[in-house]
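So, here's a batch of structures to check.
Below are two complexes that have chain A in common, paired first with chain B and then with chain C.
The block that comes next holds the complex of A and B.
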């Protein structure tokens, strides 16, 4: 048996340990660890892209399956990790024990990748926890008050929700007698075993709701994204949150597909409240970082529409899932890029602003003049987040809304569109500040290592929506997922 | 293989121009503009080549599948599309040539040309689109470019504010349009064929949509058109948009982008005519806007704002034409488009002339500081006179033929349906149009110079006056093409199909109603009468109006304050209402959710006060939130138990 398809995970795991050797490299200041991480992630990414959409290949008694779904999600996680690591090389230069940053980041990525390839509740939960445990300390990486506070909040709530999730999973195991996800689907479709299975469902939805930051499970996310260093926020909102979605896809759509009528109302309500609260509150934020945090909540609401459509009509499940996957991808790029970019601006004002005010929108005034490259990138990312065609953010959202229309959920599509329209107001406000105001900052440094990852994300946002294979991948992955759940 | 097979290059060429201008424009001849001009010249040539083939009967409609079944990209050429393409590329070319002179001194010239190229690409792409989703994408693209261009001189606070206002207002229309598309796709997305216009506009498809949905779709599309074409009540952004460069005003706010709304209604005319009641609203709204904007044009002193109001008013005519067209069917599109195109010529001409005036007077736009410019800038004065005559509908100019036909049809509509309101609206508007247009011309060009700047005004450079002469020729002579044009564009939609659809919408088509001679010459009387009134008052400032122009005159005050609509939108709706909603939302997030959570957590703490408390600050609140969420979910999902 060849383990070639698991090579990306193995490389990441090995490099997570190798980077710790940075302590022994003279005058490295984290650069050794940074470059090792970049190379490891790049190699893994290339391997994933090279294999592309593989046929489902089981490993270890079917507990792990590499298929098109895991490939596309691994690609997303690796891309986000790459963006963060590139900026990280500049970021960790003057930090205490920079190698820890890379090691934790690689472990977190590994955890996410394990979630993506797992076909069984046990590895899924292990991966979930690995990613969570690695990201808790990262939020406190700067060892200052706000970060530590964020980290502790994240940890406590994370622990609680993991417990809830595990509790729910234990019910499912108790009902079906198996932890293998497709087998769970099979058992449940033969005998639905209410109400015990429903109890499991409730706790699973709540557990995932936390990680996906759906309202009302979202409040930790705002404080954590706001309090953590920018790069960590990028990782959390673009990758760690997306891990919750792939886990949710696997458990809910594959495992618990037989219960889909029962989650319909609950998730529909969660999706609508999440979009609306996220957008409306984002609209009145003065801090760009908090605005991004709320908007990230709102986008989770759009993605959650996929669950609603699937529970309503299996006929259009494929396009709904594909839309969800596409939006996960586009949002990872847009949000990750925007958070990294916000750190450029914050670094430019750090000297003159009170702590906590370095992300104020005021600081973006006239950025088009003092930092033209950053401003242009930020403008494109903002417009894409707001769903302006022909950027990726528009198309991915369009596919989700289209699926809602097809499934006769006109009201949901309309709420989505209105939300999206509202969101453009506050995204555009950033653009207007950057281009139509006099600069407040005299000079903003645009370090290459920060601009490069944002530029990569922006190029992706510009091109991927117009690139047909993107859609083919997403539809293929959606198809595979549904097949696993036994949907024709 | 003819021109028509390469027609997509009409939109692609300006895109190339955009990229070249953006990256290397600064280092080329005159620091920018060469690529934009050359690529748009290319578009114009292809458009005209294609026009000749379409006149010979060629049509094309090509699509390739996109990301999902039923969703395609493609382009189509039919008479409606090709006349728009020719007009847009040609007028855009004229304005681009002119801009070489107008923007000569601007430090960001290459950026300007990059943006206008992208805009032109968007506009041409919009016209070429053969399905709604693609049309919407270009629709948003032109919108985006227009905000950028309005705010091009962002260091003027008014310009930045105007860009913002345009964005906020037109977005309302865009969202309505998008909702319309969603509602339409909701009704047709189960169909197997790709959702191109050609496919949707068939009797079987439209028949299957419930009439209430059809009307809703049509009205939502109308909402989009109202935003883009700045009709009442979303017209408030255009006058402020005059803060942008004059070439932008000519390109975007006169000839091209604002006509996109009219084009949308014309393109989706089969839906409108199949929707009960929709066209009645179109007629009244268009007619009302025509009159409403004309009254506002009477009092403003800013030369560009007068033109801006006249644009709103003339777009109202086009919309009204499509509305009253419910009695003549397919030909309505031809009539409306004819006015659209003649308007594009004379309005672009007027704006470009005002640009020369601005250049000559150090950017003064106040008519009260002009006067006596006829002898100082004769070419511009004559060109502007031609534009003004055409706008007023003076007999035998292009504007006369196009407007006359609309007013006549509105009368026939009145005879057929008993609803004379649109006719009265636009007839009165015709009179007012002549008055305010010539008020502008007389105030600017006759009499004594009323300021130092006006005394020392000078004619524009050759590169600026040459396009004026070309456009003036069209503004004067385009009318001779009228019957040929009506036949060509009027046949865009299958007459038989439109007849069937009109039946569906409950409209009765009439043929060849007799119009009394007095009604036929009434528009001409209005035009000449209006000019005479304007001459009587403003030629050499004969009548002293200061008695009436005062803040104590309630009518003047009402007009001066633009019927207080700005106040209603900005202060009442935008600030108070949204502020209130946002406050509610924040209260919801911070008080209700937090409040419930806090309350419960306090209760839990109170209950568990015997136990050792863990002081985790607010974390416990959030933890309670998770627990409450679970409880809510249990209730929701458990409801099915």
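The block that comes next holds the complex of A and C.
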């Protein structure tokens, strides 16, 4: 048996330990660790892309399966990790023990990848916890009071959510007598066994709801994204949150597909409230970081529409799921890029002139003259987040809304489109501040290592929406995922 | 043999105690203990359900290891908090409010 398909995970695991050797490198200031992580992530990313959409290949007694779903999600996680690591080389230079940043980041990525390849509740939970445990201390990386507060809050809520999740999983195991996800689907479709399975379902939805930051479980996310350093917020909202979605896809859509009529109303409500609250509150924020945090909550609402469509009609499940995967991908790029960009502006531009109010939108005034490259990239990312064609954010959102219309959920699609229109207001406001207001600061140089990752994300946002294989990948992954749940 | 229901009732009680504690407790260490109680209530479930096969006990072993790792991270964070603020009273958090 060949373990070739698990090489990306193995490389990430090994490099997470190797970067700790940075302590012994003289005058490295995190450079060694940074370059090792960049190389490791690049190599794994190339391996994932080279294998592309593979047929389902089981490992370790069917507890782990590498298939098209895991490949596409591994790609998303690795891309986000790559963006954060490149920016991290510049960011960690003057920080205390920079190698810890890289090690934790790689462990978090590894945890997410394990969730993506797991086919059993045990590796799924272990990967989920690895990703969570590695990101708790990252929020406090700068060792200042806001970061520590954010970190403790994140730890308590994260611990609570994983305990709730485990409690729910224990009931699912109790009902079905197995931890293998396709077998759970099989057992439940033969005998639905209410109400014990419903109890498990509620706990699992609540556990994932916390991690996905769906309203009303979103309070922690805003504070954590706001209190943590920008790069960490980029990782949390672009990768860690997406991990909850793939875990949700696996447990809810594959494992508990037989209970889909029971989660229909619940998830529909969650999706509508999440979109609306996220967008309305984002529109009144003065801090760019908090605005991005609320906007990522709203986008989680859009992605949750996929769950609603699938529970309503299995006929259109494939297109809904593909839309969800596409939006997960596009949001990871846009949001990751935007947070890293906010970090450039905060650290490189504003902090020199006005320390203490790095994220205030007023300071973005005239950014088009102060930092032209950053402003241009930010404008593209903002328009894509708002869903302006022909950017990736528009197409991915369009696929989700289209699936809702096809499944006779016109009301849901209308609420989604209205929300999208509202969101355009606050995204466009950032663009307006950057280009139509007089600069409050001096022209500055933009560090290459910061701009490069954002440029990669922006190019992805510009091109991927017009690149047909993206859709083929998403539909193929959606098809595989539904087949695992026994849907024809 | 003890009936399954008894284990489920015990775990439900423990889960409620843990969830209640997290909501009302101010002391960081006690919150950490409540998290442990929550995880252990799920472990009791897993072990109790594991009558036909051993997967549940296996799962419980994994989750015990994870709980230990979680405590290590939590204690490290609390130590950092104590060094910085000279208290582990979570009510003192006031910078991040929505």
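In the analysis below, the second predicted complex is superposed on the first by the 477 of 488 C-alpha atoms of A that agree within 3 Å, B and C clash if a C-alpha of one lies under 4 Å from a C-alpha of the other, contacts with A are read in each partner's own complex, and residues count from 1 in each chain.
Quick note on the criterion: contacts are C-beta pairs under 8 Å (C-beta built on N, C-alpha and C of every residue); 3 or more make two chains touch, one makes a residue touch a chain.
Everything quoted here is computed from the prediction, not taken from an experiment.
J.: Taking the superposition as given, does A:133 touch the first partner, chain B, the second, chain C, both, or neither?
T.: A:133: touches chain C, not chain B.
J.: First (chain B), second (chain C), both or neither: which does A:122 touch?
T.: second
J.: Figure out whether A:421 sits in contact with chain B (first) or chain C (second), or with both, or with neither.
T.: first
J.: Using the superposition described at the top, determine whether chain B or chain C touches more residues of chain A.
T.: After superposition, B is the partner touching more of chain A.
J.: Is A:347 contacted by the first partner chain B, the second partner chain C, both or neither?
T.: Neither partner.
J.: Quick one: classify A:148 as touching chain B (first), chain C (second), both or neither.
T.: So A:148 only meets chain C here.
J.: Pick one for A:205: touches chain B only (first), chain C only (second), both, or neither.
T.: In the superposition, A:205 touches chain B alone.
J.: Indicate the residue numbers of chain A shared between its chain B interface and its chain C interface, in ascending order.
T.: Shared contact residues on chain A: 149, 152-153, 156, 160, 164, 219.
J.: Under the touch definition given earlier, write down the residues of chain C that touch chain A in their complex.
T.: 11, 15, 18-19, 22, 28, 31, 35, 38-39, 41-43, 45-46, 48-49, 52-53, 55-56, 58-59, 62-63, 66, 69-70, 73-74, 76-78, 80-81, 84-85, 90, 93, 95-98
J.: Could you pull out which chain B residues touch chain A in their complex?
T.: Where chain B meets chain A, its residues are 66-68, 71, 133, 136-137, 140-141, 144, 148, 151, 154-155, 159-160, 163-164, 167-168, 171, 174-175, 178-179, 182-183, 185-186, 189-190, 581-582, 585-586, 588-589, 593-594, 616-619, 621-623, 625-626, 628-630, 632-634, 636-641.
J.: Under the definition above, what is the set of chain A residues touching chain B in their complex?
T.: Touch residues, chain A against chain B: 149, 152-153, 156-157, 160-161, 164, 194-195, 198, 201-203, 205-206, 209-210, 215-217, 219-220, 261-263, 265-266, 269, 276-277, 280-281, 283-284, 319, 383, 388-390, 394-395, 398-399, 401-402, 405-406, 408, 410, 413-414, 417-418, 421, 424-425, 428, 432, 435-438, 468, 471.
J.: Across the complex, what residues on chain A touch chain C?
T.: So the residues of chain A touching chain C come out as 121-122, 125-126, 129, 133, 136-137, 140, 143, 145-146, 148-153, 155-156, 159-160, 162-164, 166-167, 169-171, 173-174, 177-179, 219, 222-223, 226-227.
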